[in-house]
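Look at the two complexes coming up: subunit A is in both, with subunit B in one and subunit C in the other.
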Partner chain A sequence: MAKGDPGASTRGRRAAPRSRKAASGDPELVQLLTPSGERIDSVTGPDGVEYRVDFTDEEYRGLYRDLVLVRKLDAEATALQRQGELGLWASLLGQEAAQVGSGRALRAQDMAFPTYREHGVLYCRGIDPIMPLGLFRGVDQGGWDPNEFKFNMYTIVIGAQTLHATGYAMGVAMDGKTGGEDGEAVIAYFGDGATSQGDVNEAFVWASVFNAPLVFFCQNNQYAISEPLERQTRVPLYRRAAGFGFPGVRVDGNDVLATYAVARHALDNARNGQGPSLIEAYTYRMGAHTTSDDPTRYRIASEVEAWQAKDPIARMKAFLEREKIADSDFFAEVDEQARREAIDLRERVLAMPNPEPVTMFDHVYPNGSPLLDEQRTQFNRYFDSFEGSAH
Partner chain B sequence: MATETLTLGKALNIGLRKALENDPKVVIMGEDVGKLGGVFRITDGLQKDFGDQRVIDTPLAESGIIGTAVGLAIRGYRPVCEIQFDGFVYPAYDQIVSQVAKMHYRSGGKLSIPMVIRIPFGGGIGAVEHHSESPEAYFAHTAGLKVVSCANPQDAYVMIQQAIASDDPIVFLEPKRRYWEKGQVDLDAPLAEAYPLHSARVVRPGTDATVLAYGPMVRTCLDAATAAAEDGRDLEVIDLRTLSPLDLGAVYESVRRTGRAVVVHEAPSNVGLGAEIAARITEECFYSLESPVLRVTGFDTPYPAARVEEEYLPDLDRVLDAVDRTFGW
Partner chain C sequence: MSRIKEFNLPDLGEGLTEGEILAWLVKVGDTIELNQPIVEVETAKAAVEIPAKWAGQVQAIFHPEGTTVEVGTPIIAIDTDPGAGPIESSAEELPTPSAASLAAVDIAPAEGAVEPGLIGGPAPGGRTAVLVGYGPRTTAAKRRPRKGAAQATAPATPAAPAPVVTAPVVAAPVPVQAAPTVNGNGHHGGPVLAKPPVRKLAKDLGVDLRTLTGSGPLGSITREDVQQAVAASSAEPLTVGAAATSAASFGADREQRIPVKGVRKLTAENMSRSAFTAPHVTEFLTIDMTRAMKALDRLRGRREWRDVRVSPLLLVAKAVLLAVKRHPMVNSTWAGDEIVVKEYVNLGIAAATERGLIVPNIKDAGRLTLRELADAMTDLVQTAKAGKTSPAAMSGGTLTITNVGVFGVDTGTPILPPGESAILAFGAVREQPWVHKGKVKPRMVTTLALSFDHRIIDGELGSKFLRDIGDFLTDPEAALLAWT
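So, the complex of A and B:
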């Protein structure tokens, strides 16, 4: 699934602009692919930047493949929860383009700080999609090394990770790793609800005054569980950046091309030492907040249907078909790969062993604790006192 | 041996300077820690000598201080965060409890957050509200955090360096009313051979009753022991030094000898450190006890107005009163 670095190569470009140069219907929204799959050559965002992408056919197909795979694996995880194999799942349904676009815009040296829903970004980082499932199955609490994968552990507390990303980005600057193509950039993911958190606003202040090489990537999926955007803000979220002193832009989060263009631009600015920026990826959470949620209690079907018409995958498929970049064999092959990867994921989730109870005492402190050791010993003694204990 | 007479505050300052010298990854961050040198001058002169990337004046946001320090730690730095006063730590509480304390655990041991959170704590300086609190129980209750408190200049100098060198996240409580008290400090004492960070220490041997304290109350208890000696009563005083994990081996040994224990802290008694210590002593020394373990603490009120804090805070007389009561049981 991992492919190169889309948009960065200069070989094999499609020769000419394939569609008219146009602004999207919403002057505030950067869009390069309309819901009907019409390609817009370039567009000037509300930040005054002209956005465009220049992909090869192979790269276009690659983005489509990502979108389909990410959706399929997400659906499989939802199914696993429904069958009792996961305790909970936070589906990304509807947000595939926002995640694939920004995830593919990252360069290898960049660092990502996710919430608990960035399964698509994780996939685009080349990380085994099984990795976060331990958390949702309840066999571990995340359990990976952020530095190994350039992808922090999922963060459940809303907005807390934006400060971690800011500090990390300050460290990047202190290490002298900004400036030029090989500079490092950091991306912090969060949602529309998180923009009300103190931590997020503190992160905006810090990133600004320390000129941190950081992209704040807000997936505005319109809901914080049941609360609509109107309960979080009276102004478009991207405009908040101005008050903190850095650029903000709103992008069609269901448009993988525009999201890629906007994210790549912001990341490159950050890596070049030009400081932070805010991207508001305007999208919609098609599913529930998590598998524990029932969205029919707080939103109407017609709203969901309207967003269904803006589906990120359907528009990409329409574009590929119209431009004859992909044929039915390709679409069938992608579907088959998705099916196989989903089965593989399912089989490996079912094979995940439960941890030994005594392991709950592990890794509380890097240097350990005599009192905890004592408690562990007592627990072992108690546990072993049961007849037939296999422990 | 370079032994100097230093205040506790100056000893911390020199300890921080050594830590900055010894490890380029150590950074100090907090409000007013730079040019001003901190409101208590504990970081005095450090920004001038190490630059504003090593000693960082932060925006006024405590959650931001700790949250960004987490990110710096992930990046490989060793942040030493100053919270200006005890009562200002609460905006950072979520980051400390949910993030700092749990990162190592959540990562399955693959990530460490080697952070020190310095907090000047306790009362006795005539301050306005929020400047005299003793929040140690909140942190000692949290798995994943270690909590220590120094009580004299020598310990301040050594313990701050040990805490910074440790990979554990450590809440480092500084007895602010003792910042100006002087003592002998051996500046050349090698850290590796120093008294271990997470160890209690008998600071005054005695035979009749065991008095336990930490931070600002150690001085109070030593004074009480001196006064008791005049009355012919020989108190053993133990400086707990580490509040999480507690190190009670020496305490048990002492109480088995004396049969009496009094725990002293400024923090309120309700669900405080004293309760935990009393429970543990009772479990370990039940047959040696001549009386219940007694607590001398602040009262279960908000920290009161400065003009009555002397009545709120445990003092020599209240300590001796409790000791008397253990003999009257």
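So, the complex of A and C:
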């Protein structure tokens, strides 16, 4: 496993002295970095796999930078919504490690199918963070090329993308692109609420029986808008995989290292033709479901405070400081970079041109359609009936 | 670009049209940073903090806390370059909501430019159709005027005939918002413009919006219009409904339609609610009150009671209060999964007034002496007759007496006021044949009727309570000696 990967490996290494079995902690949670920033060298998950990562100092710092930038840009987008510049925003606050860990575990050839909250994965895929803001500002439909960045369009419909991902992954297998280190893997993101959707369960069945090279990556952020996890399931979500016939594992979603290790292992299994698997990244949505939501109406402050202590960035920073991998200059430099990128993002959002209403007829068919052309004509006529219309 | 920037309240949640300013987190003169929280706003969906859109100095705050502000309205002005010296006094720089920004929130005429059911168009229930969420609390979408729309927004034509059904009783002409059209029902087709909170207020106060002339934009009816209508009708003793009753004016079909509103509406709601939630039991007791009536006479003869209004009802009140002390359970409320028993008695006295039936209550009546009770009852009745009973005096009652005897009837089966568990009807006290000391004699006889909530009060308790009231009214002196 993981050969040719300088950054990390997930098995086959001799356990370091500080290694421990997962049983000594939460028996069901793969964790390599404790909330206080203590590093665990390796851990054997409930799936029997020994998980470990071995990053260089530069890579550790890079992960920290990703986490901070992703959080800052997300906060800026939330502020822009409050200031009337975006119609809506779905904040990822609290879920940075789950997204950066899995996002960085993807290889260039891997394909990702996001929900509408995967701003961190989008960032890791190298897409300009301005892209989803056009969508939420209502000036475009999301402007990146999914094939170029191997990152599909945001999907608003809950769980629908798991079926798209399953079909895509089945296609990858049919094209014979699996079965080696350079094989392709697919990852489908969804939340705990989506696990109650028929689409997701159908995707589980199809991916399983067709041995699709697919990783189901569930960010269990504890709430489906206002509905708590205990209203979704009576068993830990990762255990559902067993019923569909593929492995499932739960990872500390606020631990970027463990998330990376678990995701990399599952993706490599998929690309090697070992079929699908389910990762439950156990995390917490620190903010609102979207800017239209008020979480104080359905959850108590003490719960939020308890998760505050498990913050993904704080533990990474504590680790970097303790191991002297980074100093205060580095942290200040990252904060300054985040501030600059946030301001840049803000200015570019404010400068986004409003599209002409008639452009909604563009890009529906590559070569147009008579029906649509007629509608466009009607719309132009209607639009001309207003005073001051340029048409 | 102007140095002073006004921040307009944004739509904070997918199609909302207004928000309430909960708290200002900054004040005029404060220096603020970009994205610093400046104000807490509550919408129909969430209470949120809004971060500052610009760094600078707070120049003006346009709306105090507690006000509801329409989306698009300026709420704060920020000087984005406070270090650049004093502001030149050009009209543009004045920290008042600019005309342009106010004009932006003008509501386009509801002339049907958008078809019903379309997004942005009128939806059932007077709401504007939106993609998701609860929908905004307004009836008109904001949009640009149509070319040649001037005719459609033509001046409101006054003095159109009033709706047929209310014509005989409505004095004021019905306002017309647009060119009158008449639909199949004989009503004006043009909808009455009013925001939902105003509609709710009017409904609560029993005001028919169709009878009002709106003073708001496009003739819409405002909160003030409704409140003025209420003030006008209460200043005038004859309300629309009362006038209709006394005048008994019938239409061509020899039927009269009286709008259900005000006290009548409230009474109807309360009685229906109570009658269909609390299982009522009514028990009757006929008693000889001769002795008690004589005691009242003796009481009236005392010097210190000379100026006090002493009625048989006073004795009944006293009897009820004493009996409650012996059976506290009757003074209680059914609260779903528990019964709330009260130590205090807020004694309701049902009063017939020109406005209809009202039930003011005497707070903590159990603690009053007989003299204080008498004064309180006199005061209560006079206030009620003057139509000045406050809402506070009518809420919180725990047990009620209804004096149907004043209408010359023997008794009735009263319905409990909501939240109370017992109500006593006091019938007329009349000279009737009665077996007294073995002989049939003319005596002052009355009938008591007690209705109680059978969920709380069993027949035994209700009977004992009624029996005690009867005992007191039969022989007050002995009951007082025995119980107190």
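We adopt the following convention: the second predicted complex is superposed on the first by the 356 of 391 C-alpha atoms of A that agree within 3 Å, B and C clash if a C-alpha of one lies under 4 Å from a C-alpha of the other, contacts with A are read in each partner's own complex, and residues count from 1 in each chain.
Here is the rule we go by: contacts are C-beta pairs under 8 Å (C-beta built on N, C-alpha and C of every residue); 3 or more make two chains touch, one makes a residue touch a chain.
The structure displayed is predicted, hence computed values, not measured ones.
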Original post:
Just subunit B (first), just subunit C (second), both, or neither: which does A:203 touch?
Top reply: first
**OP:** Identify the partner contact of A:79: answer first if only subunit B is touched, second if only subunit C is, both if each is, neither if none is.
**Re:** second
**OP:** Examine A:44 and indicate which partner it touches, taking first as subunit B and second as subunit C; both and neither are also allowed.
**Re:** neither
Subject >> Contact breadth on subunit A, by residue count: subunit C or subunit B >> reply: B
Original post:
Touch check for A:291: first (subunit B), second (subunit C), both, or neither?
Top reply: second
Original post:
Can A:88 be said to touch subunit B (first), subunit C (second), both, or neither?
Top reply: second
**OP:** Look at A:144 in the shared chain and tell me whether it touches subunit B only, subunit C only, both, or neither; answer first, second, both or neither.
**Re:** first
**OP:** Report for A:378: first if it touches subunit B alone, second if subunit C alone, otherwise both or neither.
**Re:** neither
Original post:
Once the shared chain is lined up, is A:226 touching subunit B (first), subunit C (second), both, or neither of them?
Top reply: neither
Original post:
Is A:386 contacted by the first partner subunit B, the second partner subunit C, both or neither?
Top reply: second
Original post:
For subunit A, which residues lie in the overlap of the subunit B contacts and the subunit C contacts?
Top reply: none
**OP:** Spell out the part of subunit C that touches subunit A in their complex, as residue ranges.
**Re:** 7-14, 35, 45-51, 53, 133, 144-147, 149
Original post:
Which of the residues in subunit B end up touching subunit A in this complex?
Top reply: 27, 53, 58-59, 61, 63-64, 66-77, 79, 91, 94-95, 98-99, 102-112, 114, 143-144, 146, 166-168, 245-247
Subject >> Footprint of subunit C on subunit A - complex, ascending >> reply: 76, 79, 81-85, 87-88, 288, 291-294, 296-297, 385-389
Subject >> Residues of subunit A that touch subunit B when the two form their complex >> reply: 113, 140-148, 152-153, 155, 157, 160, 162-172, 174-175, 198-199, 202-203, 205-206, 209, 362-367, 369-372
